[in-house]
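Dropping the structures in below, format is structure tokens.
Each of the next two complexes has chain A plus one other chain: chain B in the first, chain C in the second.
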Partner chain A sequence: MRRSHFGSPWLMLTPAISLISVFILVPIVLTVWLSFHDWSTQTGFGAARFVGLRNYEDLFGPISVGRDFRRAFLNTAVYTVLSVVIILPLSVLFGLLVHQTRVAGGQVLRTILFSTYMVPMIAVALVWSKLYSPTEGPINQILSWIGIGPQPWLSSPDTALFSLVILNVWQQIGYFTVLVIAGLTQIPLSLYEAARIDGANRMQEFFGITLPLLRRTLLFSSVIAVINAVQVFEPVVLITQGGPANSTNVLTFHIRRVGIERAQGGLGSAMAVMLMLSLIVIIVLIFAMARQKEER
Partner chain B sequence: MNAISRVWIAAAATMMPLTAYAQDVQLTYLTHWAPDTVALLEEAASAYSAEHPGVTISVRAVPFGDLLTTIRSGGTDGTTIASIYDLWLPALVKDGLVAPAPENVAKEVSDNWPAGIAAAASVDGAIYGIPNEVNVYALNYNKALFEEAGIAAPPKTWDELKDAAAKLTDLSAGQQGFGMINSWAAGVVHPFASLLVSNGGQLIADGKPLLDSKEALETFQLYETMIKEGYSVAAMGTADANTTGPYLDNFVSGKTGMIIMANWWESALKGGMGDDFDNIGTAPIPVGPSGDAPRSISYSWQTVVNAGATPAEQEAAWDFLVWLNGPESGKNGASAMADILQSMGILPSRNSDIEAYSDALNRPFLEGYVSTLADAQAFPIVLGGQEFSEALQQVIEQLQYGQITAEEAQANAQADAVSILERAAQ
Partner chain C sequence: MRDGSTLFRGPNPRAADGLILLLIIAIAVIAAFPLVWMVLSSLKTPAESMQTPPVWFPATPNLSAYREVAEVIDAQRSFWNSFLIATTTTAGILVTSLMAGYAFAKYQFRGRDTLFAVMIATMFLPPIVTLIPLYRLVTYMGFNASLIGVIVPNLANAFGIFLMRQFIAGVPDELIDAARVDGASELRIVFSVVAPAVVPAIAALALFAFVYHWNTYLWPLTVLQGNSADYPIVLSLGRLLSYNRGAMNTGLVMAGATLAVLPPLVLFVFLQRFFVDSIVSSGVKG
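After this line comes the complex of A and B, so read on.
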């Protein structure tokens, strides 16, 4: 009786632990192990040659391997920060607008907003690469109507990454708006009624009730937005190939280039480990900041 | 059962496995060609299958930017046949992804292709692929813009190139004199290398990078001058994953006076320009201050067979490729491959194909390329070549966008190349 009491939980947990181990832990451990080796992705793991910290030294070295990695790292960070900083406030704004149940066509607006999230990235990439075309693109033509000269968009290292951020915001905003709407529906209307009786205006309602009670939703949104942004890949591979002048080379694209195209599995693994560590640090920081605010 | 019957039964038993295996062979062919060209390849494959009922061939196409990744991620389980850029061959051989050509195929290649082209399909003396296309770089210029600017002839020297670029540049009208491409490794590096060899320099010799030479510095300085003087606008030179984009758009729409590009762009230029294609002239690469004659860079493509394919698949694949590239499969003594290549304006490399297409190769656009081919240097094929090419691309693009000086570009390019080639050789 005692044995079955202690044995059954482990028995119940074994399938889940096995699956997690096989599909998550083993690949992570393998990637970390490979990052200390010189290994061609076209050969077996047995052919991996131990090189210690050399791959990591190269990532921070002066030659092209290090320069390209650091640029990709910086580009990924900028892309992530800009995406999150734009998406979160915009999703709250759209959420508040769409959540107004009395406004006619609210459901239609909600559907239109979410539809951008459902469009396949290949279609988005094809359309946006034409929209951004410096000579024939509609965006520059529209800008010219209001007296703004042609912008280089994807053709300049100064604007290419930001152009991809705009594309990302356009595609993702609907999804995050839906999350915000879900959060808004959880806020009891009685709180707003009580605030109004106490003489609170709209701004006070927003900062005193809406925003604090949306904190958990926004925490979830920010974690998902960070993960999505860090994993950006398709627009880069489909539109810019990392150019011009490495300005849109992001980590996922760079790891693919190094690890698959050049078959440098050890170096690619070291880059993947750095990406994973950065992501862990960011996510932990977001949760720590959220917890600190809740404690206050 | 008499002796003759026994012999028949034995013979039939011997043939049975062969017949069965022949009927089971399914080949897959990976290419980066556009749908129209893929249709021609499929047509040729159907013709082969009609003659060899046991063999079916399906063609798979991916954009050029994804071709190497597709080959590598497929590994030994990938497509049976793949079309590859010659620069990739040493690394694919090192990783055991491509099969050496059987003796009869190797002899076919050695006997029927120019020695330089056959060498590009070889690693350590063994042939691994059947060459098909060869590409060379030349100066393309817009004759209508030249006439408007009062330029009588295409530039022969770098001084004339800069002078023509200055006359053709009208930034207020969004027009640049000389177009320099970015965002595509080979597209960036090949024109640079063409100018370098026309200035008497080399990228790599005997496995050692030579980007620290005076000739290389002068080439970097030419790029710097073009940008600083406004003759080239970097933002007008972007290419996309399909190697088209603003760089092509600006040239076909008359916003760029001159570019350095390979012959295979003929179909893209025709498609973009229509009747205005006649305005495009071809001339040798201008000679630099340290050069003595116009030279250029050439590179080739070839088809290889997957080392992981079964012996039956490999045998059928090589047989198909010999047929596809042989004089019996096409029109008027040309190979079916040459017919496909010529539909895109690409030069075939087999001796008999060049002969069969001698008239077509003399058309105005291609004539300039064919005449350049004799003095072209093959782009160096070394282990680590792709990484070397991508690293040099980044340095050149930084120079194009004014992020570094010519001297910094030279120092970075040489240091990168030394490190990459040393590591690859280990």
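After this line comes the complex of A and C, so read on.
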């Protein structure tokens, strides 16, 4: 470790830290501060009027502002949980398929899976909106070949949010598959050899060695998957506009609509604070789970 | 044999191998299908795009949709804007991350670990949380509705600092000491001694940053309100969609999407090793 007498660390740190402070840390503080104020985004911060907890009361109150926010919060929660619950097992399956070397094609599969992660979300949204088209889209056509009737996908409040989850899984799965592959390469081969000598079958190996040793990877994956999922925005702003019947109104879309487009900066900030607090709780819980298991 | 296949090896290995291969092919086809459909659709005539049930392959593939894209949006300008945003942002991230990563990896100073933890915490923050005040701050600075406003807030980020610290920690102290004995300044050491020793990490970070900022949508949409001349290609795609609502514009939209996808995809295909390596190191060591 170097001592600082070779030069002040601040010479090196100033560019990064001042940028992150001005453009991330100060805005976090401002978001919290604004959440206690009545403030139009069109005006300077000086025009903000202190209203105490009024914005939060509105979010939890019986008025439409509260109902819309709670619906957006619930939609985001459902979208996030479904995304994580689908992505994690699939990433393990795909990771095993890429990692194995008995059958060719693993590397090709990895390339294809990861290349979808490079595609701008906006293009993903555009393409899938056409794939989902009830009449001109190929998905319903393919389903009809195997005897499944046409699905409404994005045009029904019952299926729209889940349709967005599928789109999200398709775009993100390659990233999480690579994380799992990284985890798999860390597992010592000797563990499997020992298990085989003890007469363990393949299932026992998977649940006794592979899955437990992937735990850290999967915990990290779930944190990243949650953070990514709450950012869903492009398909909503471009295709569904939060509809039909508010079924795809999610927080990133809703906060931006309230705080930027409707210029209700104080109210939007209160929503942003609620999102931030929820994320902190979830991430702390995930890490606590990790620590608890590790101590056992 | 490696261990990945353990789950799939049943009592009959040959049948199991066939099953694995089938699974790989099925997943690859499903994963590739949307992108293949996108390219095919961009080559169809408007009449073919509207047919029910859908036509899979255009009878005579034609590029008229691509010509139309150039007429509806200033595609050249949009591409240039995307390129400008992605390259300058990436350059900034590389410089700030190298310097800060060096300080966190090789200097001992009070509050270092706390400061590092605060920086890393920002990595987990979705941009929407700070969007409203950030929009106002950038307006105060006079950067509103300009490319500068798109670029400047993103010139440093926690992921870059984290990745650089991880890799610079592995650079031998003797290398740095030798440069100091030769009288090199600390800045010179960062850019001409440390940087060449972590080229793979720099390549990975550059690729990640370029692709991320080529693709990013929320912030440019917010800051460039009312200035469509400075739109990057991802924002111009949105304009394609609203240009002529309905099935008529499918070919147009798919052609635009194909164009927007190409740069990040081509970069990835040629440099995927760096992407994968950096995910592995940032994921596992993290």
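Here is the rule we go by: the second predicted complex is superposed on the first by the 272 of 296 C-alpha atoms of A that agree within 3 Å, B and C clash if a C-alpha of one lies under 4 Å from a C-alpha of the other, contacts with A are read in each partner's own complex, and residues count from 1 in each chain.
In the analysis below, contacts are C-beta pairs under 8 Å (C-beta built on N, C-alpha and C of every residue); 3 or more make two chains touch, one makes a residue touch a chain.
These numbers come from a predicted model, not from an experiment.
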{"item": "Chain B versus chain C as contact partner of A:40, first or second or both or neither", "value": "first"}
{"item": "Contacts of A:57 with chain B and chain C, given as first, second, both or neither", "value": "neither"}
{"item": "First (chain B), second (chain C), both or neither touched by A:238", "value": "both"}
{"item": "Touching partner for A:182 - first (chain B), second (chain C), both, neither", "value": "second"}
{"item": "Chain A: partner with more touched residues, chain B or chain C", "value": "C"}
{"item": "Partner chain(s) touched by A:283 [first = chain B, second = chain C, both, neither]", "value": "second"}
{"item": "Chain B versus chain C as contact partner of A:246, first or second or both or neither", "value": "first"}
{"item": "Touching both chain B and chain C, residues of chain A", "value": "41, 133, 135-136, 237-238, 256, 260"}
{"item": "Of chain A, residues touching chain C in the complex", "value": "1-4, 6-7, 9, 11-13, 15-17, 19-20, 22-28, 30-31, 34, 41, 44-45, 94-106, 108-116, 118-124, 126-128, 130-131, 133, 135-138, 141, 144, 170, 173-175, 178-179, 181-187, 189, 192, 202-203, 205-206, 210, 217, 220, 223, 227, 230-231, 233-234, 237-238, 251-252, 255-256, 259-260, 265, 268-269, 272-273, 275-276, 279, 283"}
{"item": "Contact set on chain B toward chain A in their complex", "value": "65-66, 68-69, 72-73, 75, 91, 94-97, 174, 182-184, 234-241, 245-246, 249-250, 253, 255, 386-387, 390-391, 394-395, 397-398, 400-401, 403, 412, 415-416, 419-420"}
{"item": "Chain B-facing residues of chain A, complex", "value": "40-43, 62-65, 67-68, 129, 133-136, 150, 152, 154-157, 237-246, 256-257, 260-263"}
{"item": "In the complex with chain A, residue positions of chain C that touch it", "value": "1-10, 17, 20-21, 23-25, 27-28, 31-32, 34-35, 37-38, 41, 49-54, 56, 95-97, 99-100, 102-103, 106-109, 112, 115, 118-119, 122, 124-137, 140, 152-158, 161, 173, 176, 180, 185-187, 190, 211, 214-215, 217-218, 221-222, 234, 237-238, 241, 247, 250, 253-254, 256-257, 260-261, 264-265, 267-269, 272, 275-276, 279-280, 283-284, 286"}
